[in-house]
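In the two complexes below, subunit A is the common chain; its partner is subunit B in one and subunit C in the other.
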Partner chain A sequence: MASYIISSALLSPQKTFEGTFPEEPIITESLYLLCAEPDYKQIIPPVRLRRMSHILKMGLATSYLCINESEVKPDSVIVGTGQGCTGDLENFMRACSEGPEELLSPIPFINSGHNTLAGQIAMASQIKGYNMTYLQEAASLESALSDAMLLLEEGTSECTLVGAIDEFSALSFKIFDRDQYWRKEAVNNLDLLKAEKPGAIMGEGAGFFCISNRPDRQNIELVASESKMNFGTEASVKWVTDLLNQYNLTTNDIDLLFVGRKGDQLTDDTSYAGIEQLFPTATIAAYKHLSGEYPTAQSFALWMAVKVLSGQQLPAYATLKAGTRGTKTILLYNNDLSTENVIIVRKG
Partner chain B sequence: MTQEELIEQLKNQIIKALSLEDITPADIDADAPLFGEGLGLDSIDAIELILLLEKEYGIKVEDPRQRREILASVRTMAKFIEDNGKA
Partner chain C sequence: MNRVFVTGIGAISAIGNNIAEQLQSLRKGTNNIVSAKFLKSAIKLPVAEIPHSNEELTSLAGLPGGVTYSRTFLLGLIAAKEALETAHLSDRSDLQLISSSTNAAIEITENIYQHPEEHQSLLKYFHANQIPLDIAKELGINGRQYTISTACSSSANGIMLATRLIRSGKAKRVLVGGNDSLARFSINGFNALEIASPTGSRPFDENRDGVSLGEAGAYLVLESEEAAKGKPVYGEVRGYANVNEAYHATATSPEGKGAQQAISDALAIAHLSAGDISYINAHGTGTKVNDLSESNAIGNLFGDQTPVSSTKGYTGHTLAACGALEAVFSILAIREQQVWGNCRLLQPMSETSMNIVKETRSATVNHVLSNSFGFGGNDTSLIFSKI
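Now for the complex of A and B:
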């Protein structure tokens, strides 16, 4: 049984919450990109809002938007998050280390669980079915999508809300910085992919998708969501080629390729050049100069892919190489520290 | 500090501790119930208020049965602080 993406919503450092590609991207000179947040008071009831941390506000607001745009109300919730509710966890741990433990506020503790968001969505939107959170670093979104496809396949769900979320936190930034993960100097995000320097810029975002076993008018099929650890270009190329075969596709079927290039001189070419060469006639697009890097950043590309298949024009600021044909099938490829992810979507 | 000054101080501390962003001290009736009606607080807020009394005034509420009475309103909280000689 096929799975279809029947609605999508994205909160990101760009003005994507309005549901269309912004005409112009937001340009920031920084080491990180933060979400262009809506007025949450207009979206979330104040009684709920006052206890919510940044990531919960991001996730709940985006889930509302996605559910509102879906023709079918989801009966299940699956969230993928690479780092979980790190902001509240940091607050809780800081309070533990700085003050007497018997005087800890309960709210950061309650909110610091990785599955808090999925639970909050279920309560807020009265979704009483399957509720799951995948915390698998760079494979979190893809695991969540894969689980949703299985759920729809076995008939346990008719429509599943799948979310991907990660927030910026100063401590996460510092921890990854020890591993030389980030740029050392602020960079204009639109120049990120051109600049030949090591390191990425950090980002954050929330992407939600309603996945159903029945298509809507847009008829956008979620064909595959796969993850694997590979080491070296040859293994990556073989894995992607085998995946295409597994889904009865060839490299010629892919009209648009999204790659997770992040402007890192040390890893971009070794991670992506071999895959790009597999699809010589496809349009190639990138997004991490718009979203920043975070474990579930591929949700930004998936949202873009859905919009392209819905008829919106891929913006020039996301295009690395223009192809020569229309777009029917899109492959998303991300490689983060050898965890590779592929998502394939197509117009049915 | 007079009881009215203590009440004003408490209102500000409650707003901060409970993240009542859209509420000002003037919006809080010192005699209105804090729970159910009035501010409509709940059991998690009750824990935060007990912590507030301990952190800000050094008063530990040992008997859980006392809590309902102490946290009935801002005025009962102020009175409890005064009775414990911490105002």
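Now for the complex of A and C:
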């Protein structure tokens, strides 16, 4: 049985919340990119908003938008988050490690539970079916999507809301800065992929998708969502080629390739050059100069892929190499050095 | 649809380093809810601590000394190794891995985040998925890997996912479980919520006053009927369900609506009725709210005949690991044809007419229901059956 993406919503450092590709990207000279947030008061009832952390606001607002755009109300919720509710986790960790351990406020503890968002969405939209959260770094979205596909195949669900979310974390920024993970100097994000320097810029975002067992008029099929642990033992190219075979596709079928290049001179080519060469005639697109790097950033690319298959033109500011043909099938490839992750979507 | 067999089990908790030791404790009714020796926290509440230092656990895990590992990782590795050994799995090329912990290696990160420069070799533990990747690497697991985080139902949800993957043919064999160790973060959290027991947890007792946190690693090997051919089989995963109560961020509804739904859905998947269940291993955390709502749900569906117990009076509440740990105890109930006593119970709560098992005894055990409920309204029920 096939799965279809019948709605999508993306909160990101770009003006994507409006639902179309922005004419011009937001240009920032910084070490990180933060979401261009909407006025949450217009979206989330004040009684809920009061105790919500940043990531919960991001996620709940984006889930509302995605559900509103969907022709079918989802019966299940699956969230994939790379690092989880880090903001309140850090707050509570500081409270019990730096202050006296007495009766602390439980609110940040409650909000630090990584499935809090999925629970809040269930409560806010009264979705009482299957409710799952994957906490798995760069493989989180792919686990969530493949679980959703299995739910549809089983007949457990007719429409599942899948979310991918990560928030900016000052602590992660500080910790991972120690191994050349981030840029040392602020950079104009549009020049990120050109400048040959080590490190990425950090980002954040929330991408939500309604996955249904029946297509809507856009007819966008979610073909595959796969992950593999990467211990450097097997060539990425072979894994991707085998996957294509498994789904009865060839390299020629892929018209558009999204790669997770993040502007890191030390790892970008080793992670992506081989895959890019596998598809010599495809259009190649990148997005981490728009989204920043965060574990579930491939959701930014999935949102773009859905827009392209809905008939919007891939913006020049996301195009690394223009191909010559129209776009029917899109492959997304992201490699964070510990896992490799592939999503395939196509016009049905 | 493939049948799903349990071919391997492994666990370490406060009541034993391995299956044999824990079985002995379950039979004798010995718990280990004590004051902490290794957990460093100003909150001095009784906990179910595993009575070993990290150095001792490193050696139990078969790793070389002189390296600092996350305690959560060590508990997971010890249990996972035992599960693979009991399943006689040497070829792990097509083995998939599903793992869970509440907050990754928080017992490490909470102690080093202020001075990361002094702990270069431990910084990897800030990655939320480091423990499962390290377990996979250590055990030579190459298949797909998933990590679930739904608070206290995490590893029960892992077992549900593993079962669905095998039933649908998307996996042949899966190593699935959870690991959590005591941490200042979690004991402060439960203390802040005012649901940590000052006297030591007494699930389903009239005078119960909260949770005693515990720590554990617990893993199972699940295989398709075909993959398990010719092997000793401990039991079968027959039923599973997960629903969201959509009621409150941390509490359950007094009637236990979500729990009832999860149990009913699991029975439906298993093609069983309530009367077929021989024993219920309840979530039974020892809080006023959980135990009341769960006993209402069980009472409504099962009446007052089916034997019920919570094993959290032995092991404490092991959070993300409890679903897998209690799955192991459910499988042992089938293998041993015994039902486990509700350890530390003095006076059964008056609001329920459930048939609470006071002391471990022999019984005919064909089908076991195991419940795991998590914050965020997350309710999961699993059904294990004798082959």
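A few notes on this one:
Here is the rule we go by: the second predicted complex is superposed on the first by the 342 of 348 C-alpha atoms of A that agree within 3 Å, B and C clash if a C-alpha of one lies under 4 Å from a C-alpha of the other, contacts with A are read in each partner's own complex, and residues count from 1 in each chain.
Everything that follows uses one rule, which is that a contact is a pair of C-beta atoms (placed from the backbone, for glycine too) under 8 Å apart; a residue touches a chain by one contact, two chains touch by 3 or more.
Just so it is clear, the model here is predicted, and its values are computed rather than measured.
Of the two partner chains placed by superposition, only subunit B is touched by A:V47; subunit C is not. Of the two partner chains, subunit B and subunit C are each touched by A:P106. Legend: residue contacts after superposition of the two complexes on their common chain; A:F168 is shown touching neither subunit B nor subunit C. For subunit A, the partner with contacts to more residues, out of subunit B and subunit C, is C. By the touch criterion defined above, A:F17 lies against neither subunit B nor subunit C after alignment on the C-alpha atoms of chain A. Overlap of the subunit B and subunit C interfaces on subunit A: residues 103-106, 110. If you check the complex, the residues on subunit B that touch subunit A are 18-22, 40, 44, 47-48, 51, 54-55.
Residues 46-47, 50-51, 103-107, 110 of subunit A are the ones touching subunit B in the complex.
Across the interface of their complex, subunit A is touched by residues 41-43, 102-104, 106, 109-111, 113-114, 116-117, 120, 123, 126-129, 132-133, 136-137, 141-142, 144-151, 157, 161, 164-165, 168, 170, 184-185, 188-189, 191-194, 242-250, 258, 261, 374-378 of subunit C.
For subunit A in complex with subunit C, the residues that touch the partner chain are 77, 82-84, 89-90, 92-93, 95-98, 100-106, 109-110, 112-116, 118-120, 122-123, 126-137, 139, 143, 147, 150, 153-154, 171-172, 174-176, 178-179, 226-229, 231, 233, 295, 338-339.
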